[in-house]
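Below: a set of structures, written as structure tokens.
After this come two complexes, each holding chain A, first together with chain B and then together with chain C.
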Partner chain A sequence: MVMQKLYTDPLNKVTLWLEHWTNVVATSKYNPFYYHGALPQFYLWVLFLSGLLLFAYYIPTIDNAYASDRLINAWTSVDYITKTIPFGAVFRGIHRYAGDAMVLTILLHIARVWFTDRYRQYRWVQWVSGVVLLLAVLFIGQTGYYLVWDERSLLLTRMTVSAFEALPIIGQPLKEWFINGKEITNLTLSNYLFIHIGLSFTLLFGLWVHYVRMARPVITPPPVVNYVLVAIILGVVAMFPIQSGVMAQLTQTPTTFEIDWFYLWPYWLMTKMSLGFFWLLMIGATALLTAVPWFVRSKPVEAAEVVLTKCTGCSLCDKDCPYEAIEMVPAPAGSRFKLLATVKTYRCSGCGLCVGACAFDAIDLPNLLDSDVTNQIKVAAQ
Partner chain B sequence: MSNRDRFLPIILVLIFAAGCLGMTFMMPWAELGLFTPSIPGSDFGLQLAKSLHISELLSPAIAFVNSNFSYLKDDVNAPYYVYGFFMAMALVSAAIGIAVIGRQDAEEKTVLPLK
Partner chain C sequence: MVETKKKTVITLICERAVDLDREMDEKGVLKDAPDVRVIKFPCSGMIQPLMVEAALKAGAEGVIVCGCQIGDCYYREGNKMIRERLLGERPPGLKKTVDRRRVVALWLSRLQTKRFISEAKEFVGHLQTLNSITEGK
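After this line comes the complex of A and B, so read on.
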């Protein structure tokens, strides 16, 4: 509790202060802080659409055994998209910078969830699924850099192979899965494309798990916010046009690459430490991040309790509960009513919305009975 | 409600709507290469503007693009990047205009039930 107060209370205050002043300018209706989860979701749709257009022209091969004006491989297909397809360069830029924006908005989402203390107890499913989603997004983004098949792609592929080989037992199978064989071939790029697209669609399943414990998750920002999000990407594309590097040659050994700090920071780490220590750091950090909801002990939530003799099964509490913590079950035999409310205590946050929703005083918080609240009001009114 | 509270949002909306329309008008000219005439094959925009006698009207925008996007002067995709820039400006103008009108709905209102 002391650590919580030291870290989260001041940060929560800063977060609320920022949100207050954003409300003054944009009003609560358009405050992007209130859509912090929906922002990366929107950029995911932008990535899907821009990626679809790029996919239409992309060729996942590495063939460059001869120099030719009509050479067709991944690099030349990306070059064709960039220089020949109308707006191809713009869509390539949109795809690249929307990916960066998605990581940035995910980090802002994590920060706000952390600062407002909304990751513990009954919210652990959202946090843990969020960690899995973050790792998936980072890996998908890295595969995007492999697909261009320039010298950076070749260097990143070789560094990833070395990193996998450093793992005991699973290293060699992992490496052969990654490059789809024992050495880099056309099948390697097909595998990267499959991972890049297939894992992207798997994100949708992960997002379902991320949302399933919320009754009314806000997953779409209002159009005003969406216009600004797209405008930011278009502006960045115009200011920082994307250029490809030199085509990769398997006989060459590139040693440096331009780093994109959003996705390629693990490769920077690899250059600063041994691969064994790198894996220790990555796996350890992931485990720590996943275990965050259980780090800070807090008072157990006293879940709401249904007064069985008063419940009419009207379902108002179920509809109003934001955490899907109330389930309507068939009422016992002999009851006048068809349904009965039951509380899933592990999901209940003790917020009291169900108590307010119930018209029959049939649900109560054990530490805040209706009768106590009524007495307090009477005392205050006198 | 004072006159300022009544008319200021309407005036702001009109300003930003005009901005959105203006930027939208620039978009097809950008694609035709009007603002990036140094790119080969991009002179159609300038020829069309001259034939419509509006090249003088568009010269401030041409000067703005030349000074701020000079790094694109050899890029074959320059017309498309400038198109994207004007689209971004149109989206921002539209967003601000909608937000100005939407502010009124965003204010919290307390409705007391009649007995």
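After this line comes the complex of A and C, so read on.
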């Protein structure tokens, strides 16, 4: 019955239909829908590599860094990367557009796991860590826009500061943490650089939590898909080269900026409502998104059970379990075998892969015993 | 003369793969191919090679194993596991005595009902020619 309801779900039907036709064109081996989680992961590596090159030449100050004759600061260093370094503009473009592509592929990833019902019950850790990762990615992307230190950066910084100041109690400390002091100084940009790069590496920790309940997570698309992903980015870089804005001047007050809808939409929201309402909306939306796995009442999973007298401790089920739900423990005293399989019920999806892995009928789904299935097969075969 | 009973083809199928609900009766007999009996699993990964052997031993003409498109398992890896087991790349595998000509595996998405029916009919035909060859010996 649950299955019936699920497949009448129109969103799931649309997803299935899309995937079916992608299979017809690209075959299942290269279907990007089957690597939906690996796509943003691949763009993360692209961002790390292109970011490394930008980092080598970036100077996080707002006034003259070396007391040199010419002004050398964040904006001029980005300008230097763009105009003087060979292929600097290309790497800057790759870094910008790979960031956008990462958000886009994350949205695809969210849509697919949501629409195909792969987000709740034993998968809640993946969903919740995914929400945290999404917020982190958005924030890291925004700090990237502060770093170039054009008029947009200045305006975004001031908007963020006023948004923080609107928060009770924690507002002031947050503001001072954010701009690294009471006012915008050179230290502000070094803090932005630290947040941008430091938080990027924390993504790896978040991803570890994201993957920890999955055996053999699919985190690398096939090479052909990778080439296509890079080609898309290069195509966009060639068609829409990144233009530097006007250098920020603390004495001036820019009022408009070009918006990147993947990262800067919260700033658009900020202009449409009071700051108090903005925070309520953001916090409320995050809480709602986090709670999505519990919106649907789920039938509890009937976890697999090990038949203690039959288990030989061969650990085939442990190797094949896709959710790391089986743990091999030392067999009790008096056993003929060294190990015994045990099921971590909170991780078990009730899929029965362990039943298929067991040659000794020693593990069973309580609602579908393999002896019953075998009998059913024998009756049907006669 | 002994009347030979018509033998059946057993289909072991993931309930999330090809949608056969409208194609079969409550006993799991396919309307378009009455020789074929369908037995559902929560995931094709639950199918044991032992079950394929049991079906053939109990007198089934052949066995169709059907899971979702490779890459699209709801439980992540079920169809890959049973494929590797049938191919002998992952333990436990099929016994060497099992007649490989009587086992077929299909990886079809929920929308590929027509494809399943035509493949099943083709398999039934293949088994008939196989029988005429082996009986002719």
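Note that in this section the second predicted complex is superposed on the first by the 368 of 382 C-alpha atoms of A that agree within 3 Å, B and C clash if a C-alpha of one lies under 4 Å from a C-alpha of the other, contacts with A are read in each partner's own complex, and residues count from 1 in each chain.
Assume a residue touches a chain if its C-beta (ideal position, glycine included) is under 8 Å from a C-beta of that chain, and two chains touch if they have at least 3 such contacts.
Computed from a predicted model, the values in this text were never measured in an experiment.
By the touch criterion stated above, A:L316 is placed in contact with chain C alone, chain B being left untouched. Number of chain A residues touched is higher for C, counting chain B against chain C. Of the two partner chains, neither chain B nor chain C is touched by A:P366.
Look at A:K29: by the touch rule set out above, it reaches both chain B and chain C. Once chain A of one complex is fitted onto chain A of the other, the partner contacts of A:P86 are limited to chain B, with no touch recorded for chain C.
Once chain A of one complex is fitted onto chain A of the other, the partner contacts of A:R216 are limited to chain C, with no touch recorded for chain B. Once chain A of one complex is fitted onto chain A of the other, the partner contacts of A:V237 are limited to chain B, with no touch recorded for chain C. By the touch criterion defined above, A:G276 lies against neither chain B nor chain C after alignment on the C-alpha atoms of chain A.
Of the two partner chains placed by superposition, A:G284 touches none, neither chain B nor chain C. In the superposed model, A:I377 lies in contact with chain C only, and not with chain B.
Shared contact residues of chain A, touching chain B in one structure and chain C in the other: 28-29.
Those residues of chain B that touch chain A in the complex are listed here as 69, 72, 75-77, 80-85, 87-89, 91-92, 94-95, 98-99, 102-103, 105-107. Chain contact summary for the complex, chain A toward chain B: residues 26-30, 82-83, 86-90, 93, 223-225, 227-228, 230-232, 234-235, 237-238, 241. Against chain C, the residues of chain A that register as touching in their complex are 3, 7, 16-17, 19-20, 23, 28-29, 31, 33-35, 116-118, 214-216, 316, 320, 322-323, 349-353, 355-359, 361, 365, 368, 370, 373-374, 376-378, 380-382. Here chain C touches chain A in the complex through residues 8, 10, 12, 15-16, 19, 28, 37, 39, 41-43, 45-48, 50-51, 54-56, 58-60, 69-72, 74-78, 81-82, 85, 90-92, 107, 109-112, going by the rule given at the top.
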